[in-house]
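Heads up, there are several structures right after this.
Common to both upcoming complexes is subunit A, partnered first by subunit B, then by subunit C.
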Partner chain A sequence: MADRESGIGARVLRKEDKRFLVGRGRYMDDINRPRQVYAVFVRSQVAHGTLKGLDSGAALETDGVIAVLTGEDVAADGLGSLPCGWTIHSKDGAEMKTPAHPALAIGKVRYVGEPVAVVIGETLEAARDGAELVELDIDELPPVTDVVAALEQGAPGIHDDVPGNECYHWGLGDEEAVDKAIDAAHHVTRLELRNNRLAPNAMETRAAIGEYDPVDGMYTLHVNSQNPHLHRLVLAAFVELAPEHKLRVISPDVGGGFGSKIFIYSEETVCAWAARRVGRPVKWTATRSEAFLADAHGRDHASTAELALDKEGNFLALRVRTKANMGAYLSTFAAAVPTWLYGTLLAGQYKTPAVHVEVRAVFTNTSPVDAYRGAGRPEAAFLLERIVEKAAREIGMDPAELRRRNLIPKDAFPYQTPVALVYDTGDYEASLDKALDMADYAGFAARRAESEARGMKRGIGLSCYIEACGLAPSQLAGELGAGIGLFESAEIRVNATGGVKVFTGTQSTGQGHETTFAQLVADRLGLDMDEVEIVHGDTDRVQYGLGTYGSRSLSVGGSAIHMATEKIVEKARKIAAHMMETTADDVDFTQGLFTAKGTNKSMHFKEVAFSAYVPHNYPLDELEPGLHESAYYDPENFTYPAGTHICEVEVDPETGVVDILAFTAVDDFGRIINPTIVEGQVHGGVAQGIGQAMLEHCIYDDESGQLVTGSYMDYAMPRADDLPDFTLAFTETPCTHNPLGAKGCGEAGAIGSTPALINAITSAIGHENIAMPATPLAVWRAMRGAE
Partner chain B sequence: MDIPARLPDPRKREKKMYRFEYHKATSLEDAASKRSTADDATYLAGGMTLIPTLKQRLASHSDLIDLAGIDGLAGISVDGAVVTIGAMTCHAEVAASAALRDAIPALADLAGLIADPAVRNRGTIGGSLANSDPAADYPAAVLGLGATIVTDKREIAADDYFLDLFETALEEGEIITAIKFPVPKRAAYEKFPNPASRYAIVGVFVAETEGGVRVAVTGAGPCAFRVSDMEAALAGNFAPDAVAGITVSADDLNQDLHASAAYRASLVTTMAKRAVAKAAG
Partner chain C sequence: MAINVSLSVNGQAVSRDVQPNRLLVDFLREELGLTGTHVGCDTSQCGACTIHLDGLPVKSCTMLVVQADGARITTIEGLAPDGDGGDLHPMQEAFRQNHGLQCGFCTPGMVMAGIGIAQRHGLPSNDVIRAELDGNFCRCTGYHNIVKSIAAGAKAMAMTGAKTVAETGGE
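The block that comes next holds the complex of A and B.
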């Protein structure tokens, strides 16, 4: 419990909410620059074709149209391809295929929605009018959108330099051991499944304003980014727009990201570049239709799995074969998602001695696929928790008992899994027990009988998920193919007369960083929440950073803030020692007060801060004036949040409608700074996981390659009335290797919930073959076999 | 560098539609004459269907003629056995009307199931019926109650009104002014919403009226239709069991990614059964 109202562990209300709730947030739509012009992208309407020509004549004659720029113009200015920041090597040692990804298409179009040209107008209408008049001359080619079909013999080839559309064929684990164990096993459970493709659907669509100042050659890019420094790095080093010191990236309040705003896309690249071409600030805001077509999508796997068990139900081996859809081009982190963020999680919470996974990454005529809340880990948890559930049903063992039997025991940590990771700590059984208790698992049979009496089918489903987050140890990431480091930076400036500014390289997209981080610092320095201001989202103000994704903001960014705060305390302690005429070792610091041990002398932190800036009585021979520190924190390991989710549903056999009656989540996020914020993250994550399980699906038409679910008329997002009340609780095994003991909570809800819900539905209908999303139609069909 | 003199005003909301002329009609005659003299005009009611299509540039019109300024087109009146709802009455008003809730609660319930509060406060019954979306809710009630569509030219019986996909008996330029609903003995509506759009995948309106039992289905076919087998069965026995075994043929039903024709056919039976139970209960 918190010892202060705003201390660590306290339910502090979110500082940022006032401005969000009264409409005073500052999002991209609130930002407009003097003399700004508007960009509208001309996008390919066909999924696959040879781009023979482009006629911009009529567009250029449109009133108010300033310019029409194409891929050739981009290339002529020497801009490079949009890179993939992670390199994967295939089983045979070959480097993955990285076809060119031009900001505007050159020579070929490869998915519906691919940007081909940009029309810049004095007004948005002028640009739109102009864009409608740009004529693309495209020779259509047959498309392939399905991940399995794209690998088949004779499938249309998407990139000339990628034979068979295969980007890489990666493997991890001991194949021989797995083969042997499966061949000899008492029982083998087999499962074939798809992980459905999702559109990220942040509430605020992507947007950008590029600016160029010809006087000092400085570019400024406003973009709703999850990682402004990464935008700067990629645009400088890879795209070669401008050197880093000539490029400032500003990310204001960001209305949701879920991964989709990590990536460096064509549109912001073009806005920044075009600003120089036209000599005016260039603004682009995605329409919702564009968001569906051109945001990087998530998931889209086709997998088979086999789980070998002995007579007692001990897991012996797991074999997984996955085909992962990359879309038409490799997005910024695409290659890492179905490999190091997926294959490494297939041991789950279990002591399965042998796991082997192979992943074939595949190009298709669809929007690029990249990290989406959970990124790889939901796919792993879904596959594993589905096959474990199925195995329990096949061998007739209670699914909770089968899991319990196979859990890594709490005294086995640190635990080396057969798929590369070392879990630092955990107590999986504690979460399982607590969840079973809270969900009244024991009383399920009676509740099922009651439902049956009403003609309804009741089911219960578990998932014991684990994930690896807190991305990431830089050296390990480098060994695994990352092109960047993954530390985090923080800077703390204590003012002379009051207040502290904390600069962090992470970026809130709504998670409440301004509160959580302020709580950390205020708690340590003995200040009020209001005396601590968090600054993020500007490469000219924040010294460095790698941004927010992979639930890293607290465990990595917060740890950097913690380190900087400790440096502040240590310097202040020395100043206080000098002023109290003692040594630093003899000065205690609690609740904002420095006290000289064994005396009645004390000084408040604020007095010390004042002295640092008005150093009249100050150890100038030992210390520089000022109270300002920075820190870089590079984690030793990933963090491993884990927990048990239990879902109970009732299915209406007449309609296939699934009613979620109860949802219990017991999560271990290590130490929790603000339970209200953490619960909010779990709520949101679970809602997204339920969305994936029951509602959401990006569907491309096989023949035309058109996105069928390109609006909310057909793409179903979870709404409040689709969701039950959530029953949440936490267990706590503090992370052993970061100073906060924190593990990260942003993605867990979306990882654990999906399999729990599908397991509940399959339990209710007594039928394993249900595709996601389990819409009423899908459930109805599954209950009837084929129609 | 060439710096244009004219600066866009960033505070101005960005317009996205094609250009059109906006007129506010003062009377039915004024509306009709404005429409007939314009190039390619259309009426504007709540705008909940029309404006999104304009914004997405899926449609363009030279002129929009707003019906909102015409007196007497909005409001609900109950006169003994007939409820009259003005064409410009919004869904929220229909849902909240105490007089209607007394007379035909099923109709008020139906209006409350349309879309969301924002749409219900703009969208109108006249707009919904003029548009005749195959998945709209009102058509089920209009056909299920055997209502009469009143226009500026004539009265059209519900049975003659819905012709095909987005096709009604309205002539070019004809304006719906009101809908007259006979008060039934009992009635109920059951809607199976599309998980994404929340329009009706299938909606069944069942009513026992002076003229007999009527069962009308929306969402399932190209436009609302009646199920005579169910009507006959219910005439003998107004109970869920009476329709439980009656299915409509899937042959002519709609198919999309949310519902196959067979699934829709099955939902027609299920929703009919539930509507009867509700009406009887």
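The block that comes next holds the complex of A and C.
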């Protein structure tokens, strides 16, 4: 991958940066509509209770308050429940329990922050003042927020139609084979762990502006969404707000997502609906405090695991039992996260012959939990890489060597795992070796001795993660319970003068699509980067799309763009053949030039484009005028990025403070279009993974069900001085089943880094049981326990 | 009761009647339409709202407009002499060259903070930059390239002797 100036593999500067750098980004709160009014949500301040009544009298008398609307009003207009787009079946074949999820609470409140009513005001201040005066009459019930406690006998019941709070009890793998192998094994390593709950914290909070035009019955919803077409589909087909052709969803510049802007939430639903009720555009922007309560959280698992090994250290079987917190309601993709995005990843990079996993999904009185950067895969990698590390220490083998012994060898692909997936390609040992070399693993003992001489404890930790990106194919996803397709679409319009607009159904929330996709198209058509514009984020402009999540944009969306570009080239080739008086088979196309083989005739792509729109000399009997193609790409399989992360830390035994001395990540993302952008994705992912390991935690008070960490005063966000400089490198085994060979890079950092850091800390302190986040206090306590 | 304030914003004189409880950030965004200054939190921690007030970086969500009476303010829009497409301020250009931004939401605050760091420290080390950024959150970049950008921007500023509009009073 040479450093070229443009095209595939080049470190092209981002096209979108200039507008962001001069303050001309256009984010949700920068948008205002004529005659707009403001929505403020009245949220439950209790975690669990019967909603007996609501008094809006004083609010309605407040100056500037236009309306106070409730769940009953929503129901009266016939709006449906917010759906979960994935249905899981339990081991016994029963369908998961899907309790109703009204946009505004009806009858009961089930978590602190649940929206109960909305106050619409002429100004934000008026709406806020009104919201303060809405009185909720709630009979409090005891809450349960902990995932283990919610399954215990006698735990408060959250939904009448969900006995025992269990949403489903799912299983995957060969239970009998695993039981046998564990019973007979030479050694069994056991681990119990929690995967801490996180708040996604995109720096731009969620926001929405609903509008309704009564003349043509058309709704327009501005919302910072990772998938505007999905918003349209769900609001049309499930919530029944309006038919799809009467609903336009616009997602402008989006200030980060990390999963949290995938979902179809109460607030945007209510803004769109209320716009019709009050006859004016309705705007809502979340405060950060609201974001903590009302954005879907991530992770929150309690697990036990057993890994069986033979005398030589070969893995024989893995058994995993997980309880996954769903929160009070099922968010849009919640059910899929701890199942098909988690259980299927538990083979990791290893040839473990038998794996069995059971997951119980549990309702609690907490904010809904759904996909957050990595979604299921970080939880799988954390569990697996922790138990592998622990096993190595127990049997006295070097952790790198234990991993190497068990890696799926590079000549074993395609590889069928015991948990449903078929990995298409990989070279795990190459990443491991490169990372060990870059991190100077061999020199660690000397560095540790040096630290010890200073009274400090030093540790090194590895993680060999795998992830599955670009969820697909649609047919399989459907069999596994998905309610949507998982293809992506692209449309390319070439102008008469040769410039190009590319319409993609993916949505950038910071990933630089305007650059990477332009690189793809400019490279193929022989155009300058400036001649290619990428359009996304508007259901009335873009034909269709499923959006951006699961690191799918390049591997799925980019592949659709590639296919549409090839169609453009093929049509242009025919036009060029006609004009150069030869056949299409005899026309070559490279670097923007069509040449007739064996002649000195050639035509630039732009000349051909011009004749497509000015078809004076044109094969009109064979071809339609115009140069405009679209493509839909439905992948054959997931892609499987993988790599090795190594973290080295020093721990102060007096204070428990952990200093990250070095962080090395070697990742195989297949073919890379723009290495600078990919490195940025890894940096950000690693920072979030380190945040999970050391700093971040959504804590609920057991008794009251209050979110204790509901602001930046209490929730520790990673800051610049919590993090080291990162050392990155890539290995490359191109994906075998998409035309770009790309695998996806958005989540890997958040998947590989967390276990590497915790393994480093446990290596330093010589104690395995450390809960995340590994704050100085937690580390200090663990060290005292270890002594 | 409205109070009259007069201040200079990006070199332009501005005089308005404002409510005494009006936050500076809301005034800039809503009354002056300078939406490049962002709001990322409600507890004064994220730094997305950082601007320059009399040449020093401050969080505009933490100040009332009336407190800025008579002050010289520079926002992200006022940094580049010709922000709409001409040359960028060396710190902006450094962010562009070093992929110091992803979603761009924290970016205006980071650039404004970065200029302040450069002005205080000349050629700051990475450790100094990291420590000085404790009032600015970024969720996208892991800070790696922001630190790199600020180091490069500081160097470029030292070489060009760049000044902000606020420092020059808009001349």
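What we mean here is this: the second predicted complex is superposed on the first by the 780 of 787 C-alpha atoms of A that agree within 3 Å, B and C clash if a C-alpha of one lies under 4 Å from a C-alpha of the other, contacts with A are read in each partner's own complex, and residues count from 1 in each chain.
We adopt the following convention: contacts are C-beta pairs under 8 Å (C-beta built on N, C-alpha and C of every residue); 3 or more make two chains touch, one makes a residue touch a chain.
Quick caveat: nothing in here was measured; it's all calculated off a predicted structure.
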{"item": "Which superposed partner A:E16 touches (first subunit B, second subunit C, both, neither)", "value": "second"}
{"item": "Contacts of A:Q543 with subunit B and subunit C, given as first, second, both or neither", "value": "neither"}
{"item": "Contacts of A:T676 with subunit B and subunit C, given as first, second, both or neither", "value": "second"}
{"item": "First, second, both or neither for A:T87, with subunit B first and subunit C second", "value": "neither"}
{"item": "A:R128 touches, of subunit B and subunit C: first, second, both or neither?", "value": "first"}
{"item": "Which of subunit B and subunit C A:S289 touches, first, second, both or neither", "value": "both"}
{"item": "Partner chain(s) touched by A:M713 [first = subunit B, second = subunit C, both, neither]", "value": "both"}
{"item": "Partner chain(s) touched by A:V37 [first = subunit B, second = subunit C, both, neither]", "value": "first"}
{"item": "Dominant toucher of subunit A (residue count), subunit B or subunit C", "value": "C"}
{"item": "Subunit A positions touched by subunit B in one structure and by subunit C in the second", "value": "289, 712-713, 717"}
{"item": "Residue ranges of subunit A touching subunit B (in the complex, touch as defined)", "value": "32-38, 122-125, 128, 132, 214, 279, 289, 654-656, 694-695, 699, 708-709, 712-717, 775-777, 780-781, 787"}
{"item": "Parts of subunit C lying in touch with subunit A, wherever the complex brings them together", "value": "29, 34-43, 45-46, 48, 75-77, 79-80, 83-85, 88, 92, 95-97, 99, 101-108, 111, 126-127, 129-131, 133-134, 136-147"}
{"item": "Residue numbers on subunit B that touch subunit A, as the complex places them", "value": "1-4, 6-8, 10-11, 14-16, 56-57, 192, 194-197, 257-260, 262-263, 266-267, 270"}
{"item": "Residues on subunit A engaged by subunit C in the complex (per definition of touch)", "value": "13-14, 16-27, 29-30, 201-205, 253-256, 258, 287-289, 509-512, 676-677, 679-680, 683-688, 711-713, 717-721, 723, 725-726, 749"}
